[in-house]
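The data blocks that follow each hold one structure.
Shared between the two complexes below is subunit A, which has subunit B as its partner in the first and subunit C in the second.
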Partner chain A sequence: MGWGMAEQSNAGGPASSNEGLFRRLLRAAEIDTRMLGMLAALLLIWVGFDVMSAILRPGGGGLFGGSFLTSRNLWILLVQTSVIAVMTTGMVLVIVLRQIDLSVGSMLSVVAVATGVLQVFELGPTLGVGHPAIWIIAVIFAIALGAAIGMFNGVLIAYGQIPSFIVTLGGLIAFSGAAFLIASGVTVAPMDKTFKLIGGNGPLASIGPMWSWVLAAVACVGIGIATLSGRRRRLKFSFAPKPVWADVLTVVVGCAAVLGTTAVVNSYLWPARVAERFAVENNIPIPAGVENRAGLAICTAGDKVVTCLDGLSFQTGYPIPVLIMLAVGLVMTFVARRTRFGRYIFATGGNPEAAELAGVNTKRLTVMVFTLMGALVGISAIIASARLDAATTALGTLNELYVIAAAVIGGTSLAGGIGTIYGAIVGALLMQSLQSGMALLNVDSAYTNIVVGIVLVLAVFVDQAYRRRVK
Partner chain B sequence: MTIDSIQTGGARGVPLVELQDVSIAFGGIRAVDHASVDLYAGEVVGLLGHNGAGKSTLIKVLSGAYKRDSGNIRIDGKEADISNPRDAKAYGIETIYQTLALADNVDAAANLYLGRELRTRWGTLDDIAMEAECRRVMGRLNPNFRRFKEPVKSLSGGQRQSVAIARAIHFNARILIMDEPTAALGPQETAQVGELIMQLKAQGIGIFLISHDIHDVFDLADRLAVMKNGRVVGTAHVKDVTKDEVLGMIILGKCPPGAIPGPGAIKEA
Partner chain C sequence: MKFKILTLLAGALLMSATSTAVMAAGKTIAVSWKTFQEERWKTDEAAIKAVVEAAGDTFISTDAQGSAQKQAADIESLISQKPDVILVVAFDSDAILPSIQKISDAGIKSIAYDVQFEDPNALYITFDNVGVGRIMAQEMLKVKPEGRYAFIKGDKGDPNATFLFQGQMEVLKGAMDSGKVTNVCETFTDGWKPDNAQKNMEQCLTSTNNGVDAVLSENDGMASGVVAALDAQGLAGTVPVTGQDGDLAAINRVALGTQLVSIWKNSIDLGTVAAKAALALADGADPTTIEGVAKFSGGKNGVEMNAILLAPTPITKDNIQVAIDAGHITKEQACAGVAAGTVPACN
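Our next item is the complex of A and B:
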């Protein structure tokens, strides 16, 4: 009787009855199962590294006794991811449009160097070193320069009808030469002290525990409101909303992720020396205590400042580059999903001729996408040079490959038309996790490159196998 | 006697569309060579010819997909400036292409509104309103259609066709171009398209129907125009010619007495 029943219910709806309960639940909740798989892979990598580092060097203080799943490492991991992740959000749109941008690494170098020269050799002497306008001018300049270079690429591709692979390959070579010329071959340093904060350097480059919690609360409320309004709109046009449990689950899981991340970044304390210097400079009294080498707080023991369990400590909270990454991710998701511009990018990527016939100005669209890509490279250039506190011609070397790899690992199809912003950010995080995890295990960087390369190919292989099964 | 006054089939006055002396060449090949065709409101004109005869190219000039090298397009007797698909849509010209021209990776609603998206008062895409409207339109056109959430790539040929048709008729088209609308359809769906054409005609829409199938054209069209090697062999009212004569036009370029010869007609020896 089983099969007969199954066939009857098959005819009733699109969901086939022989798929498992779990799969049906996911479908009802409209959850991206591919994303779920990626998150599982990420979690596996994290746990794996923590366990391995625990075996190699016990006592790291991580979740499994290693040194990977510590608040310090995760905090640094997020900061390290931000440069690539910001560019990856743009690369997703470029690839969805069936184009490619190989020049982002060199573009990052040239923008960083030009911005460095501007603040060190021009604005510094003119306005006075440390002038509060310097960082603002530098930021605007970097984004505008990036956008201008991107637009130049876009115009050559759209109106010059030169394949984007060639235009940006030329850019990859030419821009790195330009960066060398602008810097006259030297490292441009140091950056403006406010500018430097954008890279996440120093205690003031994070927003602290209080604002981090405020932000988390706002994000939670935001998730709630978005879910609720989606529900209300569906009801208004009288088609079935998602099941209530699915909406509740979305809010609960989303909120838990936000709060969990916030708890992690908040539990990363300032290093003892930094905290001590800050306390002395700001006349904050350091309590007396007993020295403890595993402690993270600071105390006075006699006339010395030592580390101890209970004493003075400062929580970092979200660092500025991570906030920038999150903001860019949100804005780009909005652009991709909720605007006409985003819709045109996906439609054009799916069928360029159809989009053109439907009245989409695909040439202008191409220029706009490359301009946006350039502006995002500008933002990444700011973060990268601020973090290094210097601009060098090698700053963006190989970044184009990491950015493209992150987008592809994140589920962007090189055939065009398919890709998500959040997927790409997770892709960037996954790649950075591999790199810093292996650095933590003291793996030679040559081996690291081999592993990252293999993971890239494997990710695409698994992805295609998955898509074939879903079809 | 002018050509206009011989036009029959309820068509009178100023034509809705006049294509006059239109030429377009690709490389050295004259795909369309001084072709002239016209269309009245509430009329179906069938365009016939072999593969490569230039019929698709000619109507792509009208729909803005190709830019003509020479010749004029007049809408309601007034010179029309059509150099891209957006211009054509502004004149109320909608096209159902042979390839359907759907963006395969997005859903039916996104295709229906591609280029004309509904937006909320904040300027963002109003996907829910678009889906609701899409459900309404598709409910009329193809009541069995259920797969609103899936990319059109995963739909059947008939379902894809109905999305393309919905897109063409949803925005108050005055001039409809149908390029082989039944090529991918089964008999039942073909009959549905035929009914639809009659409905649209009754609403006063002018339709260019491009077809390989001479029977389709005889069933649905008021007039027909035959092209060969980029040139118009002749135009005729369907009542004034036989299917065999039309076959002669298509194959040999021979214009029968019931038709008005064009520049592509062979001269009788």
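Our next item is the complex of A and C:
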């Protein structure tokens, strides 16, 4: 998938002589074996859910006859993951810096409710409901408000010298109160029509098959260029380049993943009712086999709606929040790996004293990282409220736990200094897969909570064991 | 630490405020709220306060901020202010019992307001929660006498979620036994959260391949998530959804046709009835003589209590006017985006 693009491992270093062939190959190609393990676990979970749902309710049309490995479910799964995934990319940097942010959930509530109030109660009446500027103002406002709150946290932590655990624990309690007061507890709805598209709720909020393929092609070329420039850079600084076959493999596998994902999201066809409404509104003739009642085209074929709308099937393509998630993942990976800011974060997290002595302004760095975290919470708040088409105080509650858990499952070490953006996104996807899969099987949420908790602890256990072996 | 100081400060403020009031004679009615994080309790407080102050008596209150420990401390501080009656909205209906005992020991009357705790000496005042579930199912059966039903239940830790489901099942039992109504999905929703309800509904629709004809959502917040999930499949408006609380956005959905009914528990009614009962108890009235009191033993442990169970109002397309007339919602809020001529109250 898309986030494999900047793949580079932290498993480099001298090869020991007693390794097996496979391991040597992995090491030569500098593939993050930890990541490989996670992807394998993810795949196992997916197949498991599909098989189990096939047993429980056959005929779901999935790869193994269930309803989990269907384009529809995978499409929704990606959308469901995006809110947590966007925030978790920031949480990685916060944790790498040996800090924590417990306030992200409450912060999301504040930003979502404030943005909702702004667009529904303020901008709606003054500019007129549906004015094209509303969503732009709302988006900028949400990100700016998130960044401001994050900066406030950061200043208290860096310059007030209060532990981040305390500052953000205070924030967790206080911000949810603020969220309540802003709208005096009422649910703010509905959101602006254009703003709503950012939530990816339904096929209309996606970019369609053509642009999805264009994007996939661009991504493929991007992977090629990135691999090539990585190779050049190594030669320039007289580092040993990866073997050619490894670079070719990276491009081929990366490209295949991108194209495969694109094929999946494109093969999710518009739900019949949505297609029908679209056809009616845009005067597209609906093929025969459709009854016409009271001037409205109503498809009454029940489960056979798709055949009844044959010739009127629309492919969906990438949902907007998933594109946002992928873009955030790319930018954050770039920031973490290729910028001085990113390297300072990892240096400070690895050894704060040494970094400070080396001239890193750790206080300013802390403020910047928390500001970035806040801005990302702003983006998540936009997606969450747009998706629900409403802003409520309950939005975001307990999200801090899922965000931290996703980062940790993704291999971020709470001791600081270690963590990857793509790992955290896969961590978020893994956790959402568990939750969605169990909901699909109609499992009581109590059991889901138990499983997610066990997986969190198990992931860290396996990770520790793995790291000890690598050492 | 921060909390303790805040509590002490709040306590001190309350003490100074009430000491003057107590000197002005009359009775004192106290309320221990479990949390002010929900819109509705403000309405309750305003209603109780209005009745108490109109009678020339004193109203005091504390907010437990969603913590059973803080609520225990709150009640101790209320007892020390010697009110005549304490209304308690219990955060945890078991953990509260020792505090209720302390209230009785101090010779103060207690009222279980909206949330039950099983103390035989207390008066329990609430809306008939099992009744709310019954009304939801009845309204749904009117439009979908047969079909595949999905049940989006509230938080598993809240007894109300189960009461509501029991009520729904009582009404649906016949139709389910005869096979007319089938249960295709049934999930609890962590924290009654709308976004969790949305995800659960999405998974329900995926697993049944959109084979859902009716959704019994236990409140309006979750109904907003359910409607969003249905909307993504183009089913909003064709699959009826229930809810309760009379949320402003939900009443608007009822008018728009994407939600079938919102069972409205008029908090003003509940607050007014409770305040009147509290004043009567403060006068020394026998609880059984208060209007509307009957025996209730439908709680977890079956303890028999004196209770007033109020009947809620189902708000559908046809009677939105009721909520507008009560000042609960404006016509503009209720009718936003509604096509002319579809809803009587919006014309």
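The definition used in the following text is that the second predicted complex is superposed on the first by the 430 of 471 C-alpha atoms of A that agree within 3 Å, B and C clash if a C-alpha of one lies under 4 Å from a C-alpha of the other, contacts with A are read in each partner's own complex, and residues count from 1 in each chain.
Just so it is clear, a contact is a pair of C-beta atoms (placed from the backbone, for glycine too) under 8 Å apart; a residue touches a chain by one contact, two chains touch by 3 or more.
What you see is a predicted model; the values in this text were computed from it and never measured.
A.B. asks: Can A:S176 be said to touch subunit B (first), subunit C (second), both, or neither?
C.D. replies: second
A.B. asks: Check whether A:G417 is in contact with subunit B, with subunit C, with both or with neither, and answer first, second, both or neither.
C.D. replies: In the superposition, A:G417 touches subunit B alone.
A.B. asks: Return first, second, both or neither, reflecting whether A:V252 touches subunit B, subunit C, both chains, or no partner chain.
C.D. replies: Touch partners of A:V252: none, neither subunit B nor subunit C.
A.B. asks: Spot which of subunit B and subunit C makes contact with more residues of subunit A, would you?
C.D. replies: C
A.B. asks: Is A:R277 contacted by the first partner subunit B, the second partner subunit C, both or neither?
C.D. replies: Second partner only.
A.B. asks: Answer with first, second, both or neither: which of subunit B and subunit C does A:V457 touch in the superposed model?
C.D. replies: neither
A.B. asks: In the superposed arrangement, which partner chain does A:T339 touch: subunit B (first), subunit C (second), both, or neither?
C.D. replies: first
A.B. asks: Which residues would you name on subunit A as touching subunit B in one complex and subunit C in the other?
C.D. replies: Touching subunit B and subunit C on subunit A: no residues.
A.B. asks: Hey, which residues of subunit C end up touching subunit A in the complex?
C.D. replies: 2, 36-40, 42, 156, 185-196, 198-200, 202-204, 206-211, 220-221, 224-225, 228-229, 231-235, 238, 247-250, 252, 337
A.B. asks: Inside the complex, what are the residues of subunit A that reach subunit C?
C.D. replies: Answer in residue numbers: 53, 57, 59-61, 67, 70, 72-73, 76, 80, 170, 176-177, 180, 184-190, 201-203, 271-277, 303, 384, 387-390, 392-395, 397-398, 435-436, 439-442, 444-446, 449.
A.B. asks: Once bound in the complex, which stretches of subunit A touch subunit B?
C.D. replies: The touching residues are 14, 233-234, 236-237, 239, 334, 337-340, 342-343, 346-351, 353-361, 417-418, 471.
A.B. asks: Please name which positions on subunit B make contact with subunit A in the complex.
C.D. replies: 63, 65, 84-86, 89, 95, 97, 99-106, 110-111, 114-117, 119, 123-125, 128-129, 131-132, 135, 146-147, 151, 154, 167
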